[in-house]
């Protein structure tokens, strides 16, 4: 069976990660995976939420959102509807948990890093692309802070699923819509699991299917880890200003 | 190692399921698992949401909520805050997906069943207790509708986690708070997976830990399936009124 | 004329009051009056709202809510609608005022007691049952605080109305719907009035009708006071933990 | 004892009712009672809410609000806060119920009359002034519709209370703040009760106090009925345009 | 061409400004311009918003709103809809900016003046009438504070537009609805511009039209400045209480 | 005087306009003006809002928003705050009015085009860049619909202001913050005005300053019109799919 875009079952879509794309942010990355495109920004503020003050620990939080026309038909803005939907909430929480797994909050000190993941174009796998891109932004933000040691491991994420009876890696939207089972997996660069979220969309799944999907996902995350490290190895293309020179920019 | 309440690592808390507890509902169950207590109601309405009309398919949806003082310290009501939190959204969506996995929406016909899971007392595992109880309410609601055939399999759910380095079944709140890894698993009575959601709370986890947790969870779900079937085998203790005689009740 | 459930015009429905039902709360009571069932919890927190600080006075507040399927047809959750309805607001305020009438806020000290009244099952008279049950929860919460002297009198409440031309006590839903005049009365155990709220639903009423309704209500409140005192006289069945041992419980 | 403004205990404040003050409305009245000033408008629309269609019955609804600086210190707008407070909800509901008591909804036909009561200046008794003024606006709106027969009785309202141990009529704000018991009473011109809402603010009250307050209130309402009838007897000072000539007006 | 109300193209509607109409406010004015009537109140509070503390500067802010039946057909309340519309926001911001242009915030000291402009009756030009009236209220509030020197210039505002090809001053609603171009102009008493907002409603406009409209507007503002100064020259008809005697008033 | 970035007073920042950047949209453009970057998407839907049905006329609407970290310090999302701010409302309305001025809604037929302008990076002039880019997206959306004739004129927009006493074109953020007068001007390609919005930020302005600013703005808009036409003259780089082949894309 061939996939709609000619990929093998265990093949990722093309991935590019551009650092420093949102210039004002302390860290940012524009990640593309096929036709999915997510802008990730890491914003540093001194201090932590009130419930955390005096603990010596930092905090990392995340918000995910989608532009109205990222998708094939336009979605109403959540700001216009006046409330955030369940899917948005769920993904924001997932991103936050995933990134907190790769950071030593004590090394971060009492600083807060807010991660914004805004989907500019959507073709499946937006939440996993967001995590993969956000990690790059987070690393740059920690560097900007002079706290690179707070990063204790890398994190990448990918979707897998059973489509037409076959386990497949990195589902595009048409595949995701047709999947019987859909799973999002977040791994450390070291190969451990941070999150495993498998859902029977059209059909329940057995242990063998679960194992096959996990194998695919772990291999996919390993490849993404390379892309992340390559992006981080280069110079900051349009890098954020050094800390002291953070000149104003705005409306 | 002994657990705080003397249970073995693979031992469930005591479970009781009382059917028909919320008399007006077409199906209802009050499930207790240790000191966790959830009231589940299944409400039948004719017709389906607009986007589904004319499809011949029914719909099952779910909402989860917690009384303000279900927990040890009081939580503000989401109605007072004017919005639903991310956790509530996430759990409501999980319950809905889990129950839709056990029902043939074509057999349900163009009817909607709304499942309400309100946590009256919370001591860990409220979302999985909600799913386990909601299945019982759903079966009764389908029976009330004369559409018992719509139920294609049973569904039960349990939490597992790694606490103090050891995999454990059915975490109470004190265990859940201390867990390195926390996983919620939803299984069919037939033993397949509906949902697997594993999260590294304090430490990432490897494949071996994942496998051990899945084994515990599957065994726990098998026991819960028995409790569900026992509850459903008995007569309806304070059953809902037959369809035609549904006399008014209210404020 | 016989009432639909065989009661005499001046007869209360069966009332039971179970203390300590919501274990985490400092005071709680599950009150049933016929098919109306309300869970009342009293939550103690140290300190008072900002506008009250330094006054030496405590504060008592109340919130009323109804589970979606407490009634014969399901009501949307106010949390989902994103706002609290007028009826809910009105009743919450009534409960708060009623309970503040029976407590010496100076004796309470700068502590706040939040009363939650959640209707689990509704068949008329939910607001008066809530007040009657909440008083019991409040007494236990004051006891837990070691401030039982703050309770200066008991409070109970009942609905009365003119149905089919006849004054009746403790209206069930079918009676309430058909009532020409509907009145809620809150009395102290000492026999004084705390609140009198009479409304012409279908027909205006004269002084004689008002007097007859007040007579019925006062007698009904006297009986309820006995039930409250009986409930409070017994040992706490599943009592709240003593203050120092308040062990964690939660989600 | 003398009242702060020299009135006798059973004396109303000066009342003036100006009809047609809000020219676009089908009925309107600016009522002043001492330093309390409320603008009441009755807006007619053809048709009724969906739940009422085909019933042959009309509908009357009411909304109460206060300008931010009607009171001595500025209150935030409810539109800015994004939600309506409990007090506003409670009063809006009271006004609506009171006016529906004086109208034959069948005679009104399937038309809706929305009553807006906006407090321009507040010095106690705003809710009862609103009811008293709204009745005048309602009568004019029915006349505009050619359905004057829908008015089956007049309605007026007044506050009473026990202040310094003495029952008093028509409390100004300083009296209301100091009252032990506060009661709002709505009467028909025929002398029957529509609403009786008595509240123990500072001290509970006995039957004798209740009786004294009701006597005062009934006498006060009788005087207000005269003022209403006098206002309605005159020509419409700045009357609404005849139905067919309702020329546009706007922003 | 004659205007619908017989005015010349460069003629204002009749303007009256009543000071002190909302007695509790530190400054207030009821301005009428034809059938447009706006109640403006200036409320003084000590202190400034947090972001301004310690700056030695005061703050002036404004909120605009319209009663539901100010217009020919009733508009839903923004408080009921739960959010403020774009038009309201836009006008509130315009009023605030316009008034801040006439005040020396240093002379005001760390005090805040909140301006409320509530449209009681609307027939075009409500935002400009609001600015013109609010200036009068602001002057009185500064006087009440003993800081009259903070007023550095007067401010008045008027609408102009091209209707039927002709530039016209002070559009009534029927004219505004038919205008090709609509412009609101805010001027100082000294003749400078504070705001110029021109909009092509039905047809784009050229420089000549723009110039003609500006000429009309400046002349109109000059006349309004006279009316404002006349109103301010007189004694305060129902003036606000002197600062120390600000006796309570309220609900 | 030299500008901070070396530009002459009447010099635009570098402008680039990339068409088709948001692939799912029927028209889209990513416009950059210096460090300001706005993604504009035009979404076509058949049909018009209810109030417009049967008129034969189409509708164009617009929404403006800013990513949280488009600015130098992070702004909270309006979706999280649960409401849209006044500035956002004001700009969305301005964009919508501006684009409706360049389109023949009759030629558009009963179709709706929703314009989304999302600011990815902000350095002053975001609202005018949004209008300039949105025009390009709108032209492509009309072409996609086969209704290019609906475009009756081009529209471009620019900011001007008096900074340090000198009129300047196309203000960057640091200039905008320091401006005494700030003006946004929207022109047709034909040279007429669509919107003129001048505001005295720090100092009021006279007719001469107004004239100088208008001259600068008209010249700037003429240059922007060229950039728009150049962008539209080229082939669609990553063009939207032809109408019938609009294959799904999504989450």
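We call the chains A, B, C, D, E and F, going by the order they appear; numbering starts again at 1 in every chain.
Keep in mind that, in the parts below, a residue touches a chain if its C-beta (ideal position, glycine included) is under 8 Å from a C-beta of that chain, and two chains touch if they have at least 3 such contacts.
Worth saying up front: this structure is predicted, and the values here are computed from it rather than measured.
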| remark: Moving step by step through touching chains, the smallest count that connects chain C to chain E is 2
| note | Under the touch definition above, the chains in contact with both chain C and chain D are none
| request: State, to the nearest whole Å, the distance from the C-alpha centre of chain D to the C-alpha centre of chain F. | output: 50
| said: Rounded to a whole Å, what is the gap between the Cα centroids of chain A and chain D? | reply: 58
| request: Provide the C-alpha centroid distance between chain D and chain E, rounded to the nearest whole angstrom. | output: 31
| field | Where chain C touches two or more other chains at once, by residue number | value | 82-84
| Since the chains close into one ring, what order do they take if you set off from chain B toward chain C? | B, C, D, E, F, A
| note | Touching chain F in the complex, chain E uses residues 83-87, 89-90, 92-93, 97, 101, 153, 183, 188, 190-200, 204-207, 210, 214
| task | Quick one: which bits of chain E touch chain D in the complex? Just the residue numbers, please. | result | 22-25, 28, 35, 39, 41, 43, 45, 63, 65-74, 77-84, 88, 114, 116, 118, 120-124, 126, 173-174, 176-177, 246-251
